[in-house]
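One structure below.
The first chain written gets the first letter, and so on, giving A, B, C and D; residue counts start at 1 in each chain.
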Amino acid sequence: MKYDYYPGCTLKTKAKELDRCLRASAEALGIQLEELPEWQCCGGVYTTARDEIATKLSAVRALSAARDSTGTLVTVCAGCHNVLKRVNDDVKNDDYFNQRVNNYLLPEKPYLGETRVVHFLELLRDEVGFDEIKKRVVNPIGKKIAPYYGCLLLRPSSVMAFDDPENPTVLEKFVECIGGTPVVSPMRNECCGAYTTVSDPSAAAEYSGKIVDSCVKNGANLIITACPLCQYNLVKRDGRLPVVYFTELLAEALGVKE
Amino acid sequence: MNDIKKTTEQLAFMSGAVTSRCMGCGKCTASCPAFDRMEYHPHQFVYMVETGRIDKLLASKSAFSCLTCFACVERCPRMVEPARLIEAVRLAVERQQGGNRLLPDDVPCVIDDDMPQQAVVAALRKFTK
Amino acid sequence: MQKIGVFVCWCGSNIAATVDVRKLVEAAKHEPGVVYAADYQYMCSASGQQLIKDAVANYGLTGVVVCSCSPRMHEATFRKAAQSAGLNPYMLEIANIREHCSWIHKDVESATEKAVILMRAAVAKVNLNVSLTAGKSAVVKRALVIGGGIAGIQSALDIAEAGYNVDIVEKKPTIGGKMAQLDKTFPTLDCAACILTPKMVEAASDERIRIYSYSEVESVSGFVGNFTVKIRKKSRFVEEDLCTGCGLCAEKCPSRKTGNEFNLGMDKRGAVYIPFAQAVPKLAVIDPAACLHFKTGKCGLCAKNCQAKAINFDKKDEIVEEKYGAIVVATGFNPIDPSPFGELGYSRYPDVITSLELERIMNAAGPTGGVLLRPSDKAHPKKIVFVQCVGSRGLRGCDKPYCSKICCMYTAKHAMLIREKYPDTEVSVFYIDVRTPGKNFDEFYRRAVEQYGVHYIKGQVGKVAENAGKLVVHGSDLIMNEQVEIEADLVVLAVAIEPDESARKLATMLTASMDTNDFFTEAHPKLRPVESPTAGVFLSGVCQGPKDIPETVSQASAAAAKVVGLLSKDQLTCNPCVAHSDELLCNGCSACEKVCPYGAITYQDKEVNDHGKREVRRLAFVNEAVCQGCGACTVACPSGAMDLKGFTNRQIMAEVDAICR
Amino acid sequence: MQVEKFTPKIVAFCCNWCSYAGADLAGTGRMQYPENVKIIRVPCSCRVNPSFILRAFQRGADGVIICGCHPGDCHYTSGNYFARRRMTLLFGMLDFLGIERARTRVEWVSAAEGARFASVMNDFVQKVAALGPNRRLGDLRCRDSKEVEK
């Protein structure tokens, strides 16, 4: 199993653990991830305006490079994943966008959305299989773990097609397979405050507070996430519970963390 | 008057949202996590654009409280996509002279050591043109 | 040469505003065969029709063209008028200049130009029309009602009362349908069972009514007055004439794992069961998917205990064939499954239920014996939230685009009943609009608010979530411009209703048309609301569109009146536009016979005189009472012998020529 | 000199039970489609003899469309299947005659699909208009001289 891998800028700086543990786990599971050469920032956030072309170009570059390589682009940062999947969908389904992007980038072969964008969790669920992972767990994580999805992984479900947007199960199944007990919080698909943390920390504190609150109320002693921004908000703007990346627990369970 | 019509058309194009489909159920507003920080709420965005009363929207800070979390888009039974409309309003404001809400020079004052890059990039993308 | 009169209708301003009717009249005067042309405001009115009659008399017209609305609307009207003037009705044709011209175009000049061409085509056709005489066919004096809910029962009772035999086919083991599951009915709050069960018994005891319960329509052939229907009587594995309905078998059955359909799975039933105490017919039925005997070959406790010796594990499905003159469709509805609306948590939280489930909980024969207890812990709920329009009026794949019509009223009923029986409860209703058009309906809803203190909140629910064991409803209050959060003990979803899934298959069998939501289409939405466009097929109840019980019953009786009108005739006038074979051209090749969907074509050896040469030839012969006039044979015929009266090759070619001129 | 816009002549054969009713519904709903579509009512799509279509092209029609009930929904149970098979054969022959494939079409429109009827007609007229006049089988006498010169 060989795939192109797009880490994204946060994974190179503030979220190094997310990246390092992902690579270690992938290796242990026999997944070959090739980092895309010379990738650029995906744009950080997807803008929904149809006439915003320039902010989506770098994502198209990454997608088009992956097409010419393995055809599948694996991401793990929820932000990058959201941007890449949605831009890919635009290229595929919005002629207005497609024409302008290709006119601008002038690639040798026009990019038409051929690349498959896959989140590492989707890879674990659909291609490796949680049963298979369970067999390789040497270090079960016996904790009560609250999965936190946030908004970027799930919505809009018509494009992301990641999981049921209102009743997702992939992280719960993941927690089970590494030996933990999933704690379902009703706030797991609500927004943590996202980028407003820069302009209005009190807003992010309020939203994150509600999320952590419900995790505490439901008896969790750990929160897992796939998003560096969520991790930051939940820890920095609240901090009552430890928040780790799911790849950290995976690496720990597989015994490859150190 | 003409300006308002033109801007309304522009908002419709940018967002792709069909405001006339709205039946005013308020499901978007019920789903909005940023409700308390908004002067105008998602269903009002839709109604005000539909009825051409956008001057108040453009003058309000409400669009900048939206988290683009897409809960409203996900749940809207009429496929109106309020979040796209709100983003269009925000961009319409930012594209005006002096419309930026976050200047690159301000960034060092608001960040801390742990803040992930994507937060800064995203905030600049959302609040600055 | 024909003498044709052309009559142009203004249809008030419907046509005249877009088509220059004077110009059209002038143009008509120059068409070959036209001897008279006139326009009038409303051709379909009595004086409009008189205009035709007078012109036929004064100008000796042999053909008439009316430029007006669709022939599907008034062709019959005008043909009758022509007939009363002494003209053969089939010498009249319509040029559709309303639906196909004035209503869809805006520019007067080009619309007029198109109207002229449509008129020309009609004139060209009438020039080739010949008088046609309709044949007669006999009427089978028995009706079939498909579906045994309140709609089907009412139609059957009314048909029987008029003196005709009628069969009800019901796919479930008992008749009664959805109404049997209801507790009380709005706006009078009378008990559903008290008004329905007497009707069920009446249907069962009426000697003119035969009930095929646990049966399904397998195939339908034939045509109005003479349908042949195959009915599959599914095996109950119980001899119907022996079973006494004592219920001992159901008591003894050791399998207790199957959800009881009548109570929507909220309690369990045995593998052998009687659907409910008032079931008609009251017969046991074995569910082979749950029965230990069918699964393991052992058990057989029911057979051992049955004193009537009615259990028969080897019983097979039976197919019966019957003939009917008319068919009433009364296939009803089902509430949709709200699971796709994930934000409302129906599939996750046991205390989020549908209104029909609440109806069973409130019913004395229901899973809780009529005591309001919530499913999760059987506790008495104190705070109850109703959510309106779940799946109605939406555009996503899981939504229905229409208003389900009954939800506003039954929710008011539920809220009122709960508040009356349990004054300590707090009841809130999230609504978008409260729609109460009906006699005493709005007064009823107001009573819920004013007298019973039900809290109506204008807004929708964004999410229902369980937080630390409590259901929390997040909604909006649009009048206050606020978000509201209610900790609820029970959440009731007013889910959309949709046509029963059997309707689509049935529509295909009946060649009756359906709309995009799988509701049956009526022949005319206003003037023929209980007839399907397919002759002899009538519509009763929700299969045609959402409606409440009073409306369903009225429609059921209306459909019955139409059926009785049909069955009271000894003979029906057939469609004279049938196929006809030219003896001199036919070479007896059988190509036409092979494509005829009705088996209307047979071959006979007949002596013909072919230009003085007499010989016996094998010739196609069309049975005019059986032919429905589709024209499939006319195209299949290699020698051009077969033609369709009223739509002959020459007539259609003339229309083509006129359009392309 | 102003060049006149080419408006194609379109003949539409509609079955009485579904498509003609669909066209009526388009009218009732005031859904616009071009004036150049002229509808001929036939009892069923299987009544449409391929010779009618050839005749239309010969007499100067630029496009011919046959509309029937959706497969499985034919009022006469199987008529639309016959129509589909016959038209498939005819299209092969029209190909051979050099008449562009896009000038003929078979569409299924139910009695409830007024909007679909209008959109099918709009699309068809647009596609035929893009092809220009039908010259291949058009009887030159049917055209006015100006057009022939062009």
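The criterion applied here is as follows: a contact is a pair of C-beta atoms (placed from the backbone, for glycine too) under 8 Å apart; a residue touches a chain by one contact, two chains touch by 3 or more.
These numbers were taken from a predicted model, which means no experiment stands behind them.
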Subject >> Both-way neighbours, i.e. chains that touch chain C and touch chain B >> reply: A
**OP:** Average the CA atoms of each chain to get its centre, and name the chain whose centre is farthest from that of chain C.
**Re:** A
Subject >> Contact-richer chain pair (by C-beta pairs counted) among C-D and A-C >> reply: C-D
Original post:
Going by CA means, which chain is nearest the middle of everything shown?
Top reply: C
Original post:
So how far apart, in whole Å, are chain A and chain D when each is placed at the average of its C-alpha atoms?
Top reply: 52
Original post:
Any idea how many Å lie between the Cα centroids of chain C and chain D?
Top reply: 31
Subject >> Gap in Å, rounded to a whole number, between the CA centres of chain D and chain B >> reply: 47
**OP:** Would you mind listing the residues of chain B that make contact with two or more other chains?
**Re:** 36, 71, 74
Original post:
Which residue numbers or ranges of chain A touch two or more of the other chains?
Top reply: 165-166
**OP:** Give the residues of chain C that touch two or more other chains, as numbers and ranges in rising order.
**Re:** 343, 463
**OP:** Just spell out which pairs of chains touch, all of them.
**Re:** A-B, A-C, B-C, C-D
**OP:** Would you tell me which residues of chain C are touching chain A in their complex?
**Re:** 342-343, 345, 347-348, 463, 465-468, 472
Subject >> Complex interface listing, chain D residues touching chain C >> reply: 9, 11, 16-18, 20-21, 23-24, 26-28, 30-33, 35-36, 38-44, 46-52, 55-56, 59-61, 69, 72-79, 82, 86, 110-113, 118, 142
Original post:
Along chain C, where are the residues that touch chain B in the complex?
Top reply: 343, 389, 393-396, 399, 432, 458-463, 474-476, 478, 481, 483
Subject >> Complex contacts: residues of chain B adjacent to chain A >> reply: 13-16, 33-34, 36-37, 64-65, 67-71, 73-74, 83-84, 87-88, 91, 101-102, 107, 110-112, 114-127
Original post:
Can you list the residues on chain C that touch chain D in the complex?
Top reply: 70-73, 96, 98-101, 103-107, 110-111, 113-114, 117-118, 121, 507-508, 511, 513-516, 521, 533-534, 577, 595, 597, 628-632, 634-636, 644, 647, 649, 652-653, 655-657, 659-661
